[in-house]
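Consider the two complexes below, in which subunit A is the common component and subunit B and subunit C are the respective partners.
Coming up: the complex of A and B.
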């Protein structure tokens, strides 16, 4: 009997231990695959944004799915898409089949994201894109809804809208130059890296600037996306007498160009798209020569929504750098949380209708997905912003009372002093 | 525009010449096709970044330290990866590709794919005949010319230089004359890597420091060496300036096609090879031993 008593006590103890462990083990986490080139700034943005949101959500108890609070578990998926698209394919395959993720967020290069998109769609996994801008990614949804309905783009706005903002920034800078320097006709040098996504901007520039915007295109330069030296282009641009250099850069050439343009004090303003200048490290990498470069951007320390500044400050505090647009994974997780809680399930087909009805104020604006599952652009929605480097800080300079849109903290666009001096002396 | 082309071409050519001559030297003397040559140039650039930006050392001190450390690394690579297979040129070629990739991956692992920069030694620019040139570019041009002259003097006036030249002319005869060709090869390797490191030190403020920065100079350097004649130092010097000027010409004459500057430079190389297969200053294949 004594022996049986001891066995009984042991069994009771064991069952108590199991009972203590079971509730934790029984709640299955929601697995979210974060896709990005993790050795590069863009991938760091993906991961930082997602991990910040996951920590916050888990800290608040998790995601409520059919009455059960489930934590989020992030799976870091290094796509290495800058160096190898096959690597990206393998990484997503692994996330879907081996780690059996419930959702996917991230991606950067359009060519790689298209492949990742196909894999995710085949596996019927909801994939919120936070990096690639090509419209085709969303056009696929309208063309073949049944196959591509699980795809959504949150950030950045698509390249057609980016183009619109691009020309608005150019027009604004031209108006300021005309007013400040009394220039009658603005001369523009179009400089775009030789890449497929930049071709439409170059073509439209050549037609639109003289015909609709009253500007003269003095030349078009197409350096390689990875050009290590742009001094020849800059010498030619200066000879052309351009007042504005309209840039379209997404690669390292943007850094080289801005650095050398500042070093040579070319008497022109750089306006347009320069992805490198969106990064905190731009100032250090150009040795401060990138001062006054303006670019389209997603984040700056301005109140786009009440969430922007707290997000921005916390991000800078945690990661010692400003968020770039791939950090939109932060909002992607909150949007997913909202849809999952409404659906009461992590099943893609159940979450999908709620995701389609998203109307959510995130850190970059009001997110409403259109029929192609693309984020809506325009006043009252996500607008994107224009930022300019001003003495070591990224400042938001647009929208500056555009279509009645003004974000608290936005400052006026500044002309570089050497540009002002040069053109005033020319008169 | 002509002045722009001349000045820009001179600067580009001088930097290419520094890289190509170092590569040519070790190819001519030891028949080592060291693909890791520009990866060592990148190593020097990263070391200067570490010295100046992370450790706060004065730029000249960081430059000297980076050159010394890169030469030591180059000699280690020679001893462990090249020397054991030196007689097999194809194996050396493949081994040095692997070494270059290893160096790239190490930097990618340590620094990530971030684009980094180093401040110029002298800030500002000069206007020469209406053409703006940064002082750093002028310094690069000046230093490149000094290094090229110094290399020439070293090869012509020193005992090691004499040994290098004789080994380059005929390795077997040099060996029979009592020269330790392995030691000469090692000395040449040190000089060659030193030149790559000096180039890295000179141009680091002009370029973006990142883990793939060695690839473009490698392509240009190989094109120059083939254009000038394999292993010919004079050929590399002339070839470097030809391709430097070709690049500048493309940007100024065909701005829409400025991305083609590398392709045009490489096309010139192919064209010269079609007319003169041994390159501008090379020994014709039939005459080769």
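Coming up: the complex of A and C.
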């Protein structure tokens, strides 16, 4: 009996020591899988944005979960999704089942993100998309809420909204040209790279511009996404008498086209989508010939919210380049932090209701998720922006008092001087 | 009981006289047993996913070998069969609600028809001309896929297919079991009279024709058979991934299958299967290893390419034939293979070199 009593005391003592040690040494980090094609700019943006946010949050003590400050641990998941969809799915499965991540952020190629979504939903992990714009990804939430409720899209705004912004930018440029140069009917050259995603924009342009926007479409040109020479198209556009070139480029042709358009001094302004012109290196790559090119964008050094400029400056300081929209993982982490703290748990089902109620001012605007868990677009929410290269700097030129929206630091859209000169002399 | 005893004794006899006498056959036996027993030891989702995809791609690589390795019809666009079958399977499943055990065989029939459609115009072509023509077909089909998004889903593809089976372990057994059965079937085809004719066509088509064989029919048959097996792989892939998209038609996939087959060893069927079972999991092992060094740049593809290049530099026939030649010798008299340590042939007792 005496022996049993001693053993009992010993065990009790050991238990007490363990109980005292555990809370100190066993603070489990919150694991977040950052999904992206890490060998490409897009994946780099995913990782840079997320690591910047994680460093800030951890520097401030971590995430307060049920009274305990827990650090964030990022898991870099190279999806290689441009080259192999199975590779992407293997990577996500590994993050979910082996690294046992609590949340997922990122993804880029829509076809791959669909399968990643399925893996995340099977594992009931919240997945905040920061890269793929196709509306179908969120339509899945409304079609089958119980299964896809863990999916949210933060950035970019979906491609339907991107299309709207695209035409608003065109309409704004047309109005400025009409007013400045006294042109009665604006002629538009539609130039889109030969890619499937650009087809709907071309089709809508041909219908919408003459019917609803009072413009004339003088022709449609479809250069290869990797064209190294666009002089034939540009000569034809010049002959057509176009005032505006409505661009839809996501590939390297955007660089070639903008450079040669500047070199040839084509008397028209380039407005639309040109992903190459969103990059910091665009000015050097075009030798300054890409001056006055306008494109849809997510970030510029402009006060979309009080957080935008500090974020932009810090990103440029750390990574020596301007953030692209996949760097929205930065905001994704802060949104998750807020929801987790409110829920007091990292359990997806507990976090979900708080994430659905998100009303958060991030670096790109005010984030509110709609019923399909898509980021809301419009005045007072996330609007996206229009940026124009003006003498070596990316300037935000839209929204410029559009629907009463104006971001501090936004400047007026500028017409290239050779365009103004040409059309004034033509009168 | 008596009948069972007879079968047992016969099996043991075959094992003793046909399998255990050659290291390559022992390796195949060990591989099959290990593959079947694996889920007993682990049911890790990630691990099983990698092996399921490996089995699917192994069927795909072997089907390429059947057409390009054995028959010599160099196909640079093999993803066409895979992609078409994936789309047919997806459409049957999504539009008609057919379950996988109907949609996959019918998808494979789609692969057969594609084999016919591609085979007929390619019959007069040889060598690099044939290779380039076959390369064009999946590119053309990708254009069609984007042109009719209402049917094909465009760049999104067709998503939301029903699951292959109810569980990951069952998926594993289905795919690995089918891989073994179809791999064995392809190997038996190449070992049959038809296989010998296909082999002869590759060596000297004119000689085969002068022997009175209708080579056109056999070449078409090779296209159709290859299309069928690649189609089964495509259907399995679509149901497992729950997606049939343009990535299934990509040129990269067509080249990937050639790399697997050439690495493992062409004109063997088992070589391409082994090639996939080495290279595909290797990429995942590299991922796990490189994850331990996050400061390193993304060098996975570089290591993969370097390994394939070095292997082919020192083993131009492929890895498996090279290994086989090291551990086994062929009898100069009766052509039967023997373990390398034997001095005399196990069948005809002739002296081995």
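By our rule, the second predicted complex is superposed on the first by the 402 of 427 C-alpha atoms of A that agree within 3 Å, B and C clash if a C-alpha of one lies under 4 Å from a C-alpha of the other, contacts with A are read in each partner's own complex, and residues count from 1 in each chain.
The working rule: contacts are C-beta pairs under 8 Å (C-beta built on N, C-alpha and C of every residue); 3 or more make two chains touch, one makes a residue touch a chain.
Just so it is clear, the model here is predicted, and its values are computed rather than measured.
Steric overlap between subunit B and subunit C is absent once the structures are superposed on subunit A; the two fit side by side. Touch criterion met: A:259 reaches subunit B, while subunit C stays clear of it. Once the two complexes are overlaid on the shared chain, A:51 sits clear of subunit B and of subunit C alike. In the superposed model, A:78 lies in contact with subunit C only, and not with subunit B.
After overlaying the two complexes on the shared chain, residue contacts for A:278 are found with neither subunit B nor subunit C.
In the superposition on chain A, A:239 contacts subunit B only, with no contact to subunit C. Taking subunit A as the reference, the larger set of touched residues comes from B, when subunit B and subunit C are compared.
Contact with subunit B, but none with subunit C, is seen for A:41 once the two complexes are overlaid on the shared chain. After overlaying the two complexes on the shared chain, residue contacts for A:226 are found with subunit B alone; subunit C is out of touch. Closest contact between subunit B and subunit C, by C-alpha atoms in the overlaid model: 6 Å.
Under the contact criterion defined above, the residues of subunit A that touch both subunit B in one complex and subunit C in the other are 39.
Of all residues in subunit A, only 38-39, 76, 78, 80, 83-87, 89-91, 93-94, 96-98, 110-112, 114-115, 118, 134, 136, 196-197, 199 touch subunit C in the complex they form. Taken in their complex, subunit A has these residues touching subunit B: 37, 39-41, 44, 82, 193-194, 219-224, 226-229, 231-233, 235-236, 238-239, 252, 255-256, 259-260, 263-266, 276, 281, 284-287. Residues of subunit B that touch subunit A in their complex: 1, 4-5, 8, 11-12, 53, 108-109, 112-120, 125, 131-134, 136-137, 205-208, 210, 212-213, 216, 247-248, 251-252, 255-259, 261-262. Per the touch definition, subunit C reaches subunit A in the complex via residues 44-46, 49-50, 53, 146, 149, 154-157, 159, 241-243, 245-247, 252, 283-284, 287-288, 291, 294, 298, 300-301.
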